[in-house]
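One chain, subunit A, appears in both complexes that follow, with subunit B as partner in the first and subunit C in the second.
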Partner chain A sequence: MNTKKKMNAGEFIRRGSVPMMFILICALCIPIAGLSPTYLANEIVTRMGRNAFLILSLLIPIMAGMGLNFGMTLGAMAGEIGLILASDWQIVGIPGMVLAMIISVPISVLLGLFCGKILNMARGREMITSYIISYFINGVYQLVVLYLMGSIIPIRHSSIKLPRGYGIRNTVSLLNMRQKLDNLIPLTIGGVKIPVMTFIIIALMCLVIIWFRRTKLGQDMRAVGQDMEVARDAGINVERTRILSIIISTVLAGIGMVIYLQNMGNIATYSSHSQIGMFCIAALLVGGASVDKASIGNVFLGVILFHTMFIVAPRAGAYITGDSMIGEYFRVFVSYAVITVALIMYETNKRRARREAGQELVKEQEKEA
Partner chain B sequence: MNENAKTNEKGAIRKALENFGLPRLIITGFLVLLLILAPFVGADLPTQISNIIARFSWNGVLVLAMVPMVHSGCGLNFGLPLGIISGLLGATLSIEFGFTGGLSFFMAILIATPFALILGSLYGWLLNKIKGGEMMIATYVGFSSVSFMCMMWLVLPYKSPNMVWGLAGKGLRTTISLEGYYNQVLANFLKIEIGNLTIPVGTILFFALLALLMWAFLHTKTGTAMTAVGSNPVFASAAGINVDRIRLLSVVMSTWLAAIGILVYEQGFGFVQLYMAPFYMALPAVSAILIGGASVNKATIMNVIIGTILFQGIVTMTPTVMNNMIHMDMSEVIRIIASNGMILYALTRKTEGSR
Partner chain C sequence: MNEAKTPLLEMRNISKDFFGNQVLADIDLTVGEGEVIGLVGENGAGKSTLMRILFGANMIAETGGYGGDVLINGKKVEFSSPFDAIAAGIGMVHQEFSLIPGFTTTENILLNREPTKKSVISEVFSERMNTLNRTEMSERAKAAIEMMGVRIDPNMVISDMPVGHKQFTEIARELSKDQLKLLILDEPTAVLTEKEAEALLDSIRAMSARGIAVIFITHRLQEILSVCNRVVVMRDGYVVQSVDAADTDVAQITKWMVGREVSQTPEANDKKDLSGGKPILKIEKLWVDMPGETVRNVSLEVMEGEILGIGGLAGQGKLGIPNGVMGLYPAGGSVVFDGEPIPLNNPRRCLDSSFAFVSEDRRGVGLLLDESLEWNIAFPAMQIQNRFLKNYLGGLIKWRDEKAIREVTEKYIEELAIKCTSSKQKARALSGGNQQKVCLAKAFALAPRLLFVSEPTRGIDVGAKALVLQALKRFNRENGVTIVMVSSELEELRMSCDRIAIVSGGKVAGILPASASVEELGGLMLSQVI
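== the complex of A and B ==
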């Protein structure tokens, strides 16, 4: 009992170290950056509304033991396709967003199915495989958007078409949808604009995730995440459960991307999705999640800390070194470094657990002998 | 009897096909098709072939850098950018110290070596701590180091006017011309020119030398030990091989070859590319060796040569042929799909011994 408690304390420090470090970085950078509190609060609230839903989509594959889903980029691409089509059909405002989400769902399901099938073939190296899948599908996405749209898939409006007659422009303006969801219920507290409707949707999503954990499927996923072989012996269809977890994650990422882009107000057709996976994963990890364990609390803590760092680092860097590029590079470096450290900690913990299990087995055998 | 031989033959062909793999077959077929089509769409075949040979000579060493880590069971070296950074440090320091011409190339290799050894050892030590998750962590070690160096290129006190931003007088430029330094230093050595066909014999010889050394190394006692560690670490350790030490050695070798590889690439290309440029350099090298027939835990020198020719062939041929044929430059998309598809294919193969 006593040893268990001690281990928990160690565990707590290990889990808490990354958020603590970020609190320290933010605490150091905020005064140096010299931004007004209102501006800072506004930015953080905006970014929370923008990113939280996307990050929530990462939780379910972690639950099913498939690690960080780098394949969430696939959902983001589906969301973008939905938005491109909706804006070509000139459906504006909230109906346009809903339509974009509806279009994205079947695409996300197909892509998620593809991703899940492949990940089942590459068991034990899911993360690197899902990472390469995101590059692979990015190629397919470019093929569709750059060559097929306008030539095979009808695109009517020349404002989003490239001058050569087919393919989509580098940026698609979403002026008709811009922040329509955020501003649906206008509310400003002390100069801080709060996107009430977006927060309501995010809160609903959190409730759905909590509910989902208690369903049969959710329980199955946790069992699969704990131990695939035991789950299979218990009569759970492991392959199907794993594929479902990826499909759900992809669909959520697609919807999350629509929310993200309505806040941004335009789509960078060929680059919006490429970084989204990395930033979402980094934010989740900053919030104290690990490769095999993540909670809703991690999501929100992560968004706040990560994006505070994101806002203040360039300004602080510019102030210290006189060169604004340093801060830009610094935040990119931190994002990658956080993911690297989290991955290293996960692998070393896994090895330690395996070794401890081995030692216990030896002890038991000695006892029996 | 005769029939038996026939079925045997059929089986052998099928087996050979299976070994060769469907994606590889498609890619080879595609390249052959491009080569056949080239004259019809008005592309000059000798120029095209010279391009392929030139690009092969630039990239060969980078692809060769994959071999040691695959052999020792560390998987594909997605952390190649770490080695590339050592090479870039060598290149920029050699220019900074005022070496010119062929000497600057030699000095770049010399200066890059200690960096590659130190970074490679740290990287190898790390990979020994996390056996089983090498590839994912390697990817992110590469990314972190590239973004860290982005800051360093700005901060480090470089002075040479050929490298720093003219206006500010500090911070390295994103691309640095090698004119007057080691531009084409290997390629111009023993260069053969027949009409439109150019062969950079010097660069190819340099690659051949390194490949030969690698081949010879793999046949020494340490080299066979490396293969043993890769195919079955438990058995290797039971046979008295220090598994961790061998793995560390393979990572250091891979990192050093990557450093040399980027220098060879630069001398052909004519420019040093800094900042985010090394970011995506691992993926082409990884897919090249896979296209050449390697798997996650098996690679030979032949895989390197065939893979580099096929990959670079497609990269150079698709733009010209496609552009002339359908007036649509789909080469970039085709390259992304083909190279990443190949990596996916390799990752989904069941491979014993390595995870």
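== the complex of A and C ==
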């Protein structure tokens, strides 16, 4: 099917400008940082396995025209609750992870339903609305984890409970699950450890997304994403379709968070999820995605470039300024900057389209003259 | 069974009013199998409303339903939504495209009717998890395109297509519905090139030969005569003529469309002599990108002190002219006022050059609906000309001069007979006609040198209409303000204006004195319709 639009040179440069900039930054920083290629490759591969699934969860709402979905943070919280409970019940290794995922799914569905319903009321402002919802639900999450766990929801193990008898500690160790998935099929190539099983799951997820695009629901989502009114006139239930896209995204984010945390090996109970949405969105945008268009390719290019920068930039920064804190500063700064740039580009593209319509009229006049 | 064949569609005694405003009365329309009906009439004649009733549009039910019966194959039907109408075999191609821009022709033709393949997953979840059957999709789309008889690329993305192909995609979508018996085409040729229009007419003939009836709405009368069996002419909510296409010609149809009882012939002595006047506003090569009202190439001179009328059919660009000059939509070209060039896309500069604009979008652009009449009338003058302000500390602090504001508001309330409880009433609470008077008062309070008025009488009752037109005329005659008045109502223009420019196809088709006959003006209206 010839569904791809032919890209002219100008559009190619516009779309590719953000990834090009990051490739340039990485190319400059890598020699300055002076890291060994093996270390660098190891780090990139590890982080790719850690993060890619979470970023993939962003693709479906973009397809449905709901923009960059900060609502994935809700799924991340559901994943954390699943992991806290699974580790309290002392279910270890892969079964523990699977259990955590199973616990997270119904929570994710409920949160996604809630988020989707609200986003239907805030059409055209999905991004900022989902961002604020994520703060609101963070409050609910804290209530559950800080006050209800241990008092109403039974928590047996004191290792994860606060000394006062209820509430969860700042850090929950996942030593029993740490990298169990990554190491299930051990493989090392040239000193680079490959998390084979994680990659297989990510590859499967990509296949699922490709398959999903070809389903009726996927087609409906694309239609709704491009023109809600036309889709409604054709008999597509627009509201339901949009809610489904958010639910799917939230559920995938919950599962993605479990994969993310098994790699990290511990949960920062009150902060693991707080910036995950922003970093994932920034990574996707670095990969060349935009508010209304994102592909699997964008995910992988983004995750590689974004993380390479974070590995090399602090070293390079420390080398130049002598201050190692520059890395964390850089990470937050760049994330917000990339998101801002993406939003501005989205608006200017819309305006350019409008200007071009005017230019057509001028050309018509000239043709007649 | 020898009884007379029941017609495919029968509409009996249809009437419709919008909150007391009668727009359709006593409409009878019969369409036989495979018959092609040409439906013509000026804007506002009721064509679209009639078709909306037939197609079960939601807005009909929302505004209180309609009177009379619709029968399909002799059975009475009552459509509560377009989906019912579609199920009953009626298809409609609207003027605005209903296409997904990033989808291919095929995907759009089969939008939400895609053939699918079942899988294990869809058995578990729902039918929406079926995968699309691409091969069958392209076969069915191809069949529909072939039925239309026009060659379009089934794999081309809509946003890359020329406008004509979009139109054909819409028609193919209707044709791909197996149950289709009656197709309504609402000005389908408006966006087509001559060649494409020819092709469309051929495909209408082909559809008719297959037994699909077509109701064809267009302003291009020549097309009607060449393709239709019967012509139905509507005017002011009535069917005024229904004749065989073979028995009539363009001139006759035009007359039926616009020819009113010529009882309100404007008095000739009322008109200004413009022979000695100088042009105050020169517009050259204006283009305006206003959706649905595109202005392509307008050059126009407005004489000092005159009332210039701009008429034309809807969608031909007459509304785009004031909106473009005033900077509300992207525009290009040159505008010179009293020897001074006016930059486009800059509303503030227009207002500073003492232009004023009474928009056709009263509630959206014209009024601060939740503010008092005082505010509505004085606000622009306060903002733009620093009037109704008291200056303190050498102008550092400006306070509103409430007393002056009340005085000016009360003056206009009296002058324009605005019906309200007080000058503090909210603008939202007024009726349409009185809101329009407030819009005028607001523009008058600016004391402009040039006033654009767009559709000044749209949606207001007869009494208010006369008052509004009188007020405009008085403002022009007494204060010497040049007025450019855009209106769809030819009669209104003939009564109020000194000259009338007719816009057709985004260009000025001609300028005539207001005493020109309705036939002459009507001919210009249809001359360059695209």
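By our rule, the second predicted complex is superposed on the first by the 345 of 369 C-alpha atoms of A that agree within 3 Å, B and C clash if a C-alpha of one lies under 4 Å from a C-alpha of the other, contacts with A are read in each partner's own complex, and residues count from 1 in each chain.
We take it that a residue touches a chain if its C-beta (ideal position, glycine included) is under 8 Å from a C-beta of that chain, and two chains touch if they have at least 3 such contacts.
Small disclaimer: the values here were computed from a predicted structure and weren't measured.
**Q** On the A-aligned overlay, A:T340 touches which partner chain: subunit B = first, subunit C = second, or both, or neither?
**A** first
**Q** Touch test for A:A231: subunit B only (first), subunit C only (second), both, or neither?
**A** Second partner only.
**Q** Looking at A:L162 after the superposition, I want to know if it touches subunit B, subunit C, both of them or none. Which is it: first, second, both, neither?
**A** Touch partners of A:L162: none, neither subunit B nor subunit C.
**Q** Considering only the touch criterion stated at the top, classify A:L184 as touching first (subunit B), second (subunit C), both, or neither.
**A** A:L184 contacts neither subunit B nor subunit C.
**Q** Which holds for A:Y135: it touches subunit B only (first), subunit C only (second), both, or neither?
**A** first
**Q** Taking the superposition as given, does A:L146 touch the first partner, subunit B, the second, subunit C, both, or neither?
**A** In the superposition, A:L146 touches subunit B alone.
**Q** Between subunit B (first) and subunit C (second), which does A:I23 come into contact with in this model arrangement: first, second, both, or neither?
**A** neither
**Q** For A:L217, using the defined touch cut-off, is the partner it touches subunit B, subunit C, both, or neither? Pick first, second, both or neither.
**A** second
**Q** Of the residues on subunit A, which ones does subunit B touch that subunit C also touches?
**A** Subunit A residues touching both partners: none found.
**Q** Under the stated contact criterion, what part of subunit A meets subunit B in this complex?
**A** Interface residues on subunit A, with respect to subunit B: 118, 121-122, 124-125, 127-129, 131-133, 135-136, 138-140, 142-143, 146-147, 321, 323, 325-326, 329-330, 332-333, 336-337, 339-340, 343-344, 346-348, 350-351.
**Q** Give every residue of subunit C touching subunit A within the complex, in rising order.
**A** 82-83, 98-104, 107, 111-114, 116, 122, 127-132, 134, 155-157, 159-160, 285, 287-289, 294-297, 330-332
**Q** So in the complex, the part of subunit A that touches subunit C is made up of which residues?
**A** Against subunit C, subunit A makes touches at 1-3, 5-6, 211, 214-217, 219-220, 222-223, 226-227, 229-231, 233-236, 354-355, 357-358, 361-362, 364-365, 368.
**Q** Help me check something: in the complex, which residues belonging to subunit B touch subunit A?
**A** 78, 126, 129-133, 135-137, 139-141, 143-144, 147-148, 150-151, 154-155, 171, 283, 328, 330, 332-333, 336-337, 340-341, 343-344, 347-348, 355
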